[in-house]
Structures are given as C-alpha cells and as structure tokens.
Amino acid sequence: MKNVPLKGVISYPITPFDEAEKVDIPLFKKLTERLISSGSHAIAPLGSTGVLPYLTDEEKEAITEATIQQVNGRIPTLVGVSNLTTEKTVYHAKFAEKAGATAVMIIPMSYWKLTDDEIIKHYDTVASQISIPIMAYNNPATGGVDMSPSLLKKLLQIPNVTMIKESTGDIQRMHYLKKELGEDVAFYNGSNPLALAAFSAGATGWCTAAPNLIPELNIALYDAVQSNDLEKAQKIFYKQFELLKYIVEKGLPRAVKAGLNILGENGGKLRSPLQPLTEKEISDLELILSKVKSSTLSA
Amino acid sequence: MKNVPLKGVISYPITPFDEAEKVDIPLFKKLTERLISSGSHAIAPLGSTGVLPYLTDEEKEAITEATIQQVNGRIPTLVGVSNLTTEKTVYHAKFAEKAGATAVMIIPMSYWKLTDDEIIKHYDTVASQISIPIMAYNNPATGGVDMSPSLLKKLLQIPNVTMIKESTGDIQRMHYLKKELGEDVAFYNGSNPLALAAFSAGATGWCTAAPNLIPELNIALYDAVQSNDLEKAQKIFYKQFELLKYIVEKGLPRAVKAGLNILGENGGKLRSPLQPLTEKEISDLELILSKVKSSTLSA
Amino acid sequence: MKNVPLKGVISYPITPFDEAEKVDIPLFKKLTERLISSGSHAIAPLGSTGVLPYLTDEEKEAITEATIQQVNGRIPTLVGVSNLTTEKTVYHAKFAEKAGATAVMIIPMSYWKLTDDEIIKHYDTVASQISIPIMAYNNPATGGVDMSPSLLKKLLQIPNVTMIKESTGDIQRMHYLKKELGEDVAFYNGSNPLALAAFSAGATGWCTAAPNLIPELNIALYDAVQSNDLEKAQKIFYKQFELLKYIVEKGLPRAVKAGLNILGENGGKLRSPLQPLTEKEISDLELILSKVKSSTLSA
Amino acid sequence: MKNVPLKGVISYPITPFDEAEKVDIPLFKKLTERLISSGSHAIAPLGSTGVLPYLTDEEKEAITEATIQQVNGRIPTLVGVSNLTTEKTVYHAKFAEKAGATAVMIIPMSYWKLTDDEIIKHYDTVASQISIPIMAYNNPATGGVDMSPSLLKKLLQIPNVTMIKESTGDIQRMHYLKKELGEDVAFYNGSNPLALAAFSAGATGWCTAAPNLIPELNIALYDAVQSNDLEKAQKIFYKQFELLKYIVEKGLPRAVKAGLNILGENGGKLRSPLQPLTEKEISDLELILSKVKSSTLSA
C-alpha cells in the first residue's frame, strides 16, 4: 500500500510581507495558527498561494522551519519545493525533509516547455534523494506545462510519488485518473470552484487557500461528502461557490490578503510587482463575504 | 412557476438510413421503441445524434411525426427544430407543436457568428409563434457559437424559454447557472462524460444518446442521485465513464450505430460524408462494451 | 502542369435580399457588375460572404446562373458549392459546371467533425463527377473543421483539386504549403488582414469581399507585389489594414452591406437571424472609410 | 525622436554549461565572438535562448560582463534583465547599465497573472532607475502573460521604453502596432518563422538565435528587404524556413546546442531539467541543416 499521509482540507497559507516587502515570519506563524485552529486537516506552505517563486532560498527555508515549528506535529505538513532547475529542487526537498515535513509538493515549473522525458527525469532525480512522499502537481496556468494523464501515470511508478494534485479545472482529468489508476491512487483537487465535482469524482483531498477566509464551509463540504449526503454537500457548496470563483479570478495571494483585511485580520503586504486589489474589487469581495456569512447563519 | 415538462434521462435516437442513404422510418420507430421500453424519461429526436442538419425539411417532418406516433403519449417528447435561418426555425417549431411535441429544442446554429442581439431576436421570433416550452441549447463544438451564462439568463426572460441545455463540458457553467438563476431554472447536461458532475451540481436532466447502448446504467445513475446516495452514484458512473467518453470522441451518430451493431441490433447506415467507424475503432468499442457488461453483472 | 485558372484579386459579392428577405437577383447582378468593372480578376459567388449556407437549393441555382450571365466570359468565375452532405455537394458542383463556371470552391462543412478519411472521400466523390478545377477551402472559423497541411497535401493528389484557399489567419500554414508542396501548388489567401503577409509568402491570389468597398486599394496591393516593390506594397497595405480588420470582425455580409450603403449604393437587406450593424458600428465604419479615402487621395 | 539603438539581425547566444552544469564563461565568449564575426548587428545575452530564468544572480552578472568585454563596443548589446520580482529586475537593470549595456530587454515574467496596472508599475519602477533604453518584450508562451497592443501602447509612454519585441507569432499584432503607433515606434520580431512576414510588415529588427547556426541566410534576408527586393527575400526565406521552424519547435537552447555540435562547434552542456535532443531529433536536424547548406550553395 502506498504512503498517502494527506486527506481532507489541505490549507494553503499566504506569505505575508512587511512594509519593506520582506517576509514577515511572526505574522506568517499567526496566519498558520488560524488555519490549524479552524480545523484544517493539513498545512501546505510555499504553494502558489504562498508565492513560492517570488522568494529567495533563505526565505523559503525560513518559511519551512516556521511552519514545522508552528504546526508542531498536530497535523501533517506538505511543503512546496518546486524550482526551475533540478539542482535547486533537490536542495529544497532535502531541506524540507530534514526540517520535518510530512511530504513535499512539486510542480514541474517550466520556462522552456519540458518534454515528458525531462519531467520524469526531474522527478526521478528528486525522489531518489528523499524518503518522504511526493505530491506531483499539475497546473498549466501557473507552471506553464500540462502533464497528460498518461504522464502522471508514469510518474506514479516512482516509489515515493504517491499523490497527484490536479488544477486544470477539467473534471474529466480526475475521472480518467480515477478510472485508469484504480483504487490505489490518491488524487487531490487544486481548483477551488471544482470542489464539489472533484469530491463527487472521488478526490481524496482539496488543496485550497479558501480556509484563510471561510474554513467552516470548506470543512463542512468535506464532511457532507464523507457522510454520503449529496444534497447537503450541494447546498454547502453553493454557499461558497461565488467566493471560490472570485478568489481564483483575482489571484489567490491578492484576494486572500484582501479578504483577511476585510475580516479584521492583518494580511500583511504583497511583494511587487503584485499589488493590492483595487477599491472596487475590495468592495466586491466585501459583498461576497457578507453574503456567505448571512447564508451560513440562515442554514 | 415555469413550465418544465422534462427531467431524468432524456434519450436521443439516431436517424438511420437505408442502403440508398434515405431515411429509414420503420427502423427509426423500432430504435425509438427500444429507448422507451428501456425506461427513458423522455425522447428527443432530431438532435445532433439524429443528424438534424443533414436532413431535408420533408425528412425532418417525417421523423417528427414518427416519433409522436411511436411514443403515443407514454413519455414527453423534445423535438429539435434548429436551423440556420429564423424563418425555417419558426416553420419547424410550428410543425412540431402541431404534431404534438411536448417541447422543442433550439441551438442557435451559426455559420456567421451571431451577436447576442441576433440570438435574442432569433429565439424571441420563434417563441412568439408557438405555445410549447423551448429548451435553449448551448454547444459551441457543433453549433459554432458559445452563449455566455449572461446571455442564457436573458433568454430565460422570454416566457416559454424555460430550460437550458449546456454541452460545453465546463461544469462551472452549470454552477454559475444554478447560482445565478436560482431554484427556478431547469438546466440539463448535454456532455456525457460530465453526467456525475452535472447531477451533483443539480442538473434536472441528462440529454444523452447513451441509452441506445447502456440504458440500465444511465437510469441507475439518475436513480442513485435521486436517492441521495453519492457513493452508489459514483460507483455506477465509473462503470460507464469509458463508454461515455468513447462515443463522444468518435461522434455520437457513428459510435451509436456501431454500438447497436455490436449489440446485435440493426443501426442502419450513415449519410455521407459520415462514414462508419474503422475496424480498429469497432473492436475498441467492443472491448469497452464487454467491460461495461461484466462490471454490471459483478455489481 | 496543373489547371490553375485563377490569380490576383478574386472578388466575393454579397447576396442581397429584398424586404421580404427573398434573394434580389437584379440587385445581385448590379453589385456583381460593380466588381467586374472595378478591375477584379475573378468573381466568386456563393462564398461565406454570399451567405451560401442560408440559401435554398433554388436560390443557389439562381445566383449561379445570374453570375455566369452577368460576367459573360469577361473574367473567370469561382462558384461555391459546399454542402453538409456529399450528395448535395455533388448536385451543386454539377449544376455549376453545366452553367459554365470556371471552377468550384468547396469547404468541408461539418456539424459533426469529419475525419481525414471522410474529408478525402467527400472531395474524391465530388471531383469524380465534374471536370472543372476545384479549390479546397480551409476555414475552421466558419466550416468547423481545420484541415491540416498534410491533409491538404493529400487532397491535391485528386487530379482536379488544384487550388487551396487558406483562411486560418496563420501565415505559417502558407509557408508550410509553399515549402512542402513546391512550385506546383497554387494557394490563395482568404484572411483579409493577412493580405500583405500572404502575398509576401507567395500566394497566387487573394479571395476577398473588400473590393465591394475599396477595389482600387486591393488591386494596387497586388500590382505592387507583382512589380516586386515591397515598400510600395507595405504603404498601400497599411492604408487598407484598418478596414480589412473591421469588416472581418463584424462579419463580411453585415459589414459589406453597411459599407455599400455608406458609399451610396444599395446593399439590400440581410436574411434573419443576421441583422444590420448597429448605429455605432455604422458610424465607426464611416470613419474608417473616410480615412481610407483621404489617405488614398493624399498618396 | 526616440532613442532606438538597435536594428537588423539581433543575435541571441546560448548560455553553455560545463560537465558539472556550471556556466562556462570562456566557451560563452567564444560563441559570442562567432556571432559578432559572422555579421550580427547586435548581441543579446540572457534572453530565453540564454536560459536567463535558470541562472543565479551571480551567473547573470558574469554573463553580462563577459558579453560587454567580448563585444568591446563593436556592435550594440541588449541585455536581458527580466525577473519575477520588481526589486530584482531593478537590480539587474542597474547592473547592466553600469556594465555598459546599450539597452535592456524586459519581459513581465508572471507566475501569477499580472494586471495591466501591475505591469505598467513594474516597467515604470525599473525605467525610473536607469537611463538606457528598454525593449518591452511580449511572449506569452514563455512569460505567461500576453500584453495587449493597447497595453504596449501605454508602456511606450514611459520615456525610455522605446522598443517592442513581439513573439506571439501573430502577424496582425505587428500590423496593429505599426498602424496604431505610427512611424515613431520600433518593433522587433521574436518569432523566427515569422521573419519574412515581420520584415514585410515593417519590423525594425529580428531577435533570433538562428545566427548561431545559419548567420549568412539570416543577414541576407534582412539585406534583401533593405534593398526592397521581395522576390529575393522570399527565396532566401524559404531556404531557412524549415530550420527556423524546427529550432523553435524543439526549444531554442536545446536545438541550438545540438546544431552547434553538428556544425563541429562545442555547444557545451545544458542545465537540468533541460536535456539534449534525442538521437532521432539530432538526425532530423542534421538533415535539415544539410538541406539548407546545399540550397545555399546552389543559389
């Protein structure tokens, strides 16, 4: 049986910056604690939400250590270690393992489109140097390469590649993975507006930044699916659908930071060129959040 | 309350041809009877599956009358009346109503891309000349125009446009329709591999040619969703997923005809330029159908 | 040597309708005469501009005969005979030949996506029943199928398929055709804003509706290329670029009809669902046409 | 008048690596000298071809200095300084200016899609800190963001943004830029197979890695256009078209390195995850190069 240490709602913290656009570690820890205490089933720092590619090596290491320290074994951790070069990916994967991460997530970032052989060699090289499980992550919109289901199938033959995260937003990919790879494979949904469809299709977990803003609804959706109550799941999903769609459209780091501010939390600053949402966007988000809140109360 | 006379599994018969590539009405009636007797909740002739655009006016009229006659009031009928020109669409819609159709389906066929205003005027003109409900059908892959959710919303303001069929294969369109248009709207899924996701999202019905080949599984999926049993629905869906995907990939008229032959039924001939599946494709389909059969028995 | 009877500026007349949306043959003849007398190198009725798919069989025949009659041998004619079914395509191709057409144009119209084998058989069947040359026409935007360069290469092995018209708007397709098919092939550009690039790439002719509005500039571009004067060709091209882009964006039948009205000519009515340009669009077109006129004078 | 110091064939060197995948500066200088001595009109290190995003800050600085040193004022230099963060882009732009670069090239790299406002602020911040001209570079395929013509127009209002490089492969973008921005704007083609079309459209220069392999043909194309000889330009273009297409398809760093080896030059190693072309791809490239050579001789 494969080593699959993650399930349920896997929460992605943002990486907050201070006034000088330096990483704010104390604030990061505080935001991470919010995710843990609101019931997340796992914590995943240094994802797209955590603006991984915009950070220096030292900053990535500091975030990794801060996460492990803050989580302190209460729930599993999934650390993003993706890098354009294989050498740097190995470096950060080894760092995460040594720091105590439960698993690492790797997206094959590509400036030059990688061939299937290049991608397999990339994962193989990293996998051979660590012992913890790897989640292979497919997201052409940010990573620039689209791994076909058949390539993902090949990656799963590498012993510690045990999990797949799909963010193409195409539910048929998940159907194919489930059908083709059988009961043994664990696939995760990384496309927020697809949460209901993905769980209906049999996804093991949901990788999401939404618990920074609406953790109760995210977890309630998972619980409804677990108790085989489709009607309830559908009802809970439609309460959060508009928000899920909006934060994806506006970009997760910018939207989550704005949402935290609306909720009265300090979301920190962004690192340029990323800029805050506009006034208009913020007021749209306020409206959406207030509708979510009133619908939750009325349920 | 809107007049929504259709739900569940809405079955699309093919239009069979004889050796001279003329429409074979007796065979059409026989194939339609198979769909009725296997439990379909409605019959929809002259859809894409029924190769509507390849038929003459007289052939369309003959198919319409043959359907109403054969169904004989046992279940509702949904007749396709789409045409490139508004005048012809009105003509066929009036013919269908007079012949006794329960409702008509209209896709805004477009050689020249239509503007939103042109589409609204097209539906409005047709709607004003008939009294039965209209299903507005969105399928950019065959019709050549993609109606945005906001355009669909406008179409629903025309009194007898009461149903929407979505075939883009994008589940988020359905989420948007459901969220935006509220409980009052009935939307239907026209993308076979999306059947589970669409029902999970709250679709009222499934417009499908699959009951020509695997009616029990199609209806069992709907029943599982109706009884709020997600686990069962998922299990039943994965039994048919590969077939649903295959018949869509190969084109429904060609694939359904080949499947009927494999099942020992006469599927008739196709009209040129459409040609039968190749030997290789037929043997692939045989394998898929036999896997479906054995999985159904083992359940 | 292949039979290639067409070169230069091949002009596409619109099909005008009267108040009752019936085809107006006398007006069609008048508009065709304008194209001939302004120097067109050939006339091509029943193209996309001529709204071929919106016409009945009888209307197509009337347009064909009116064209041959009006042209009266002064320049070659290229008659569109495309149809969804093979049988009807054969019918219209034979009609055009008998009526005296120089060549016929065929786009593989597809509601159901056709396979390469289906397309080849379609052309082969038509070609075997006529003796005049065929122009194979690739335009995925209107026809719904994209013929790959390698498929086009196969079509050219059918003896009387001697010309290719490319309207994908991808100049690299033309480079590939020229390189791959050698000196022997004649390819034509059907994408108006690509006129300069296509002639630079070696196109034999330009299939265009623009001569309904600006024949002098269209022909001057061809002449500049013929005299190997790139600088002049570029200068002439930029004078008409904005207009070429605009009429394509708005749809050729609608835009040409509006342009004729602006020029003081009767463009007739459109057939529903096609509707006239809006007031705003008409005034944009007026501005563009007046800029073209003043730049032409100043040259 | 704007400061536009570049025109003609602007050559992009690869960044070669040694056996340990470290940057090989002596070999880089040697390859750069080849480009200069074969007649390039400018040298552009640290582009996509030079695998900019795969390098450390120190490596980028070493390449910048090596280029300036080797070129030694003989021709202009255009140094790539793009980075995900604004801070680092400013850093490298200042470094390049101080080192003596003629101009810098900046593509708005984006992991998270940038808004137009974010992109403008990004360029504005960098531009305000240097005095040399900036070439704004649009290449959605590698950079992940597609700058619209209207955004490019806005960027040109920043005083030292004086040049635009377009690599979308859409010739109509260039037509629009030329038409909209007038005689004052200098635009450059970055899509190799579009070289003839772009020069025909009025491009000021061609940014290309091809001179690493076939400098004579690249420069001859420019010369033919300069002497207003379209026929000759077309003939020269078709001699190199197949090679231009191939090296783009396979990825420039991999293809150029393989081509250098075929020509008997040392192309160095690649940095993982990038891997050498396969045996089959190398032999395809050999064939293409030998065809180019024989056609050049026969001309």
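All chains are identified by letter, namely A, B, C and D, in their written order; residue positions are counted from 1 within each chain.
Throughout what follows, contacts are C-beta pairs under 8 Å (C-beta built on N, C-alpha and C of every residue); 3 or more make two chains touch, one makes a residue touch a chain.
A quick note: this is a predicted structure, and the numbers were derived from the prediction, not measured.
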{"item": "For subunit A and subunit B, chains touching each", "value": "none"}
{"item": "Whole-Å separation of chain centres (CA-atom averages), subunit A against subunit C", "value": "51"}
{"item": "Centroid spacing, where centroids are CA-atom means, of subunit C and subunit D in whole angstrom", "value": "38"}
{"item": "Touch-based graph of the chains, sorted into line, ring, star, complete or other", "value": "ring"}
{"item": "Touching residues on subunit A, where the partner in the complex is subunit D", "value": "21, 48, 51, 53-54, 84-87, 108, 111-115, 117-119, 121-122, 125, 142, 144, 251-254, 271-275, 278"}
{"item": "Touching residues (chain side subunit A, partner subunit B) in the complex", "value": "169, 171-172, 175-176, 178-179, 193-194, 196-197, 200-202, 225, 228-231, 233-234, 238, 241-242, 245"}
